[in-house]
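Next up: some structures, all given as structure tokens.
The following pair of complexes shares a single chain, chain A, combined with chain B in the former and chain C in the latter.
On to the complex of A and B.
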């Protein structure tokens, strides 16, 4: 009852979706990509006509080893971002710089367990991290007294596939799934940075570089022996790896070789030695370089479509 | 529009020794880099483009080419008033000391020709203080003999102002009221620098009139 401003769905009026039981797809997906291979990124800019800039990003679901019904497929990541450049409200104090504010919001249907409409800690953490990533890139003094409102909506989170969640087994693997959710949050952050960067590029806000997010993880090496040390994989899908030792997300500026945001979880030194962290961050940066080409390609497609449209008239 | 090559933010465009950094560029490590995604232009003359962010160009008679980038990604022009930009604004409120206006369109630089005006998606608040209405005999200016609510005014931005408004000035011949209506709603046409006349009634009203261009 704390949220009186929105029209919430009826408390008991809708029936929750029923997912196939976890026995329907007992095998978790396995990684079929090479360690240095990213998932294919679908990115389209300029999807919201009323916004200054906008973008939509989608990562495909990891292929399931067992053919199954569509709803038990592992979910993909779907994000939209809209950037609105507007004068600050009268109540805001004078600022000589562009004021960037980022809001990451999970749609209520983003995960199998419905989320509320009120901002939670996870959303807030993502918002702050995306904001940090963008703050180092945007040339804020070009837009005095203006505000850039960037809202990112997670339409579908890859966190916790439907098969992994049964309300009844909350306690059984709860802790393990919670860590898995953390790893998934990291890949989501990289996606959020990418979609936000694409929206900012689309908006035509002055930037020193097109920032891109990349994520890399340290996982037990997938060798026949089973105990063959660790390997670093780019763009990990947590469900594809039983165990993730450490992971790093960076927001990276390739032309300047600078990092504006770094998030490391786990202990890369324990498994990878002294250079473990360095390797992990380097790998994440190279994932970001890959994502940046997609961002620029999406922007290029948009511009060329526009130029052709104006020439055709 | 289609000339020039597509460049990405951060891409090196040239050397500041041989070229001048124009709109939508910045200098990093001694090199001119693009700061938006768009078409790069190496122009001999200073560029006047509605889409580009205004950057104050100081040396206009330089033999160096200006390198600039035109944003083409956004259909909604991100634009905001900067100092010296010419704006078109509607008077919304009058007091004896100042006129409150809402800025409707912005021309990027100090060019009186309003050919390259960009329309604001959301109006900006502006303020014309009594002392900024005209250049001479400032002490004799009366607000009600200069503007009326609803007038469209061409003005120049003299300051980013405070949190509430940009400060504008009409203290130039080519600045002032460009469109006005009489009390009965009839449109007025300028007859002198300080008077406008109803087209049919011939009724005259006082305004700080902009010189037609």
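On to the complex of A and C.
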């Protein structure tokens, strides 16, 4: 528990504040985008000059219902990524390929309840998935005896602040929050893939194609009649859909039509029929295509800016 | 002759590179001495302009992003509750009593600082291994620099007495029933029972707010401490803690999510950290030949020695001597709160006076934006 290399919390241990339900719980936001419409992505590359490549990605928050202290503003996904390309130390065994290692780290203030600095299972899982998504894309043979350290920092996650507690209702709220966090991880993975891809592009590392991540979810159809049908929405915000049946994340290479990472949660076939899974994955891939245009545009802007700067001199 | 591109020269021999820039020969037409210009285009005592953005993180009680040129820092503050019953060796100040709704007996400032340090309510931590710099790669334990920074932040927080203890206290009175039960459980001594008798109708401290200050470097290009301290100040100034009270029924602290009832943290003064480096070209034997040109430009400490402010990364490797001052001018005259000088032997009293003069200017600069 205690870590001699850091400043430790008080020895008695602290607990996260619990909010009483003083006000009526605000209505959850509803989706105002079309099912096939993505949120706007803010992406900026080259934010860390001392790194080989770096990028910052932000998704806009959904409009907040009522501002209160537990969530004074709606959280939005904020990620940074840096790529450091460096020769491996002499003591390392020879490798003909580029060694890629990915570290995803949540900032302690990234979630409603403070996280510690010790790496947890969630971070490790995301790291492995991002590594999988990138491994097939980078042309590793061109960089023998080199290492690529990719580090992604989650400055802010999308989960909503701690819901108000009420006696008796405590557990239900906790369970709902848990599933929301569950789906939010999928959006986060897509964001991590996108920001990592942008950092790799910024670092100028040879790739077979620019990889991009996309998410799609299967939700109960929001029709006027309210009859039981399902629809597939791109880039879902878990809060906007009370109920998510299934969701898929892909890391997708559009020019090769290849998927390097696929993660499906829930059972799309139960609600969407035989073709349920295929529809869901196709939708996620088309979300990835949308994200890819942003990555390429950000890279182009950066290069253009540099060219203009040198021409100006 | 062998010639290298500037970036490679800078990486191979940072000291010679810095000296070559500082002593660039002046044009012969002008008689006046030209001031030295550093490789980054700044004058010797010119600092980077800090840029601050506050409260852009939704999950934190207070947050700030501070940019100092290519050094970028994010600070996030989260408040958590430390229950009085969980404190192993409570300091005397935590046993104070007050009338219900009344004001607490005031604390001596020394006692307060001591209690605050003993309770450990301020927890600053620094994370450099975010890929912010090639020397601090992710996946490793905090480096020596990260540990030093965190310790220095904690020290500065405690020594400047920035946060007063009374705004971190949460008062409440335990009902007589709860107390009776406790007495039955614990075989309380006669003396304690007497104390409890006095407690009726009085409130005691039920919990404290522990303030976690987490600082992440997005990008590191020198002068880490000034940037980190600036971020701590900006974030603390914008921190709001929810209204919290002791709930007797549930025997826990509850907080009010209402923004109107929350209160912001008030800070004592406005301490600002200003760091300097002294570049001594005469100390490096291999460079004595090139110091011949040193008279060409003005060395602000004379004979090949320069006082530089707000060092960047390559300058930090070239400067052996560094001075760091924490100053506060909020109460009118400039107060020196902390002064640290490490390495070298160039700085004398006159230099220190110059340092304080520059620190005052810098404090005004920070004050405008904080």
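The rule we apply is simple: the second predicted complex is superposed on the first by the 270 of 313 C-alpha atoms of A that agree within 3 Å, B and C clash if a C-alpha of one lies under 4 Å from a C-alpha of the other, contacts with A are read in each partner's own complex, and residues count from 1 in each chain.
Assume a residue touches a chain if its C-beta (ideal position, glycine included) is under 8 Å from a C-beta of that chain, and two chains touch if they have at least 3 such contacts.
Just so it is clear, the model here is predicted, and its values are computed rather than measured.
Colleague: Of the two partner chains, chain B (first) and chain C (second), which one does A:86 touch, if any: first, second, both, or neither?
Modeller: Touch status of A:86: both partners.
Colleague: Is A:201 contacted by the first partner chain B, the second partner chain C, both or neither?
Modeller: A:201 contacts chain B only, not chain C.
Colleague: Which partner chains sit in contact with A:51 here, chain B, chain C, both or neither? Use first/second/both/neither.
Modeller: both
Colleague: Could you tell me if A:77 is touching chain B, chain C, both of them or neither one (first, second, both, neither)?
Modeller: Neither: A:77 stays clear of chain B and chain C.
Colleague: In the superposed arrangement, does A:281 touch chain B (first), chain C (second), both or neither?
Modeller: A:281: touches no partner chain.
Colleague: A:209 in the overlay: touching chain B, chain C, both, or neither? Say first, second, both or neither.
Modeller: Touch partner of A:209: chain B, not chain C.
Colleague: Specify the partner with more touching residues on chain A, choosing between chain B and chain C.
Modeller: Larger number of chain A residues touched: C.
Colleague: What is the contact status of A:8 with respect to chain B (first) and chain C (second): first, second, both, or neither?
Modeller: The second partner, chain C, only.
Colleague: Now for A:94: first (chain B), second (chain C), both, or neither, which partner does it touch?
Modeller: Once the two structures are laid over each other on A, A:94 reaches chain B alone.
Colleague: Who does A:103 touch here: chain B (first), chain C (second), both, or neither?
Modeller: second
Colleague: After overlaying the two complexes on chain A, where does the chain B footprint on chain A coincide with the chain C footprint?
Modeller: Touching chain B in the first complex and chain C in the second, residues 49-51, 86 of chain A appear in both lists.
Colleague: Provide the residue numbers of chain C that touch chain A in the complex, in ascending order.
Modeller: 55, 57-60, 63, 70, 72, 74, 76-83, 86-88, 119-121, 123-125, 127, 129-134, 137-139, 141-142, 146-147, 150-151, 154, 210, 212, 214, 216, 218-221, 240, 242, 244, 247, 250, 252-259, 262, 313
Colleague: Provide the residue numbers of chain A that touch chain B in the complex, in ascending order.
Modeller: 45-46, 49-53, 85-88, 90-94, 96, 139, 142-146, 201-210, 253-256, 296, 299-300, 302-304, 306-307, 310-311
Colleague: Quick check on the complex: what are the chain B residues that touch chain A?
Modeller: Within the complex, chain B contacts chain A at residues 1-2, 6, 8-11, 24, 26, 28, 33, 35-39, 51, 53, 71-78, 80, 82, 121-122, 124-125, 160-164, 166.
Colleague: For chain A, which residues count as touching chain C in their complex?
Modeller: Counting only chain A, the residues touching chain C are 5-20, 22-23, 47-51, 54, 56, 61, 67-76, 78, 80-84, 86, 101, 103, 105, 107-112, 114, 117, 149-151, 153, 155-157, 161, 164, 167.
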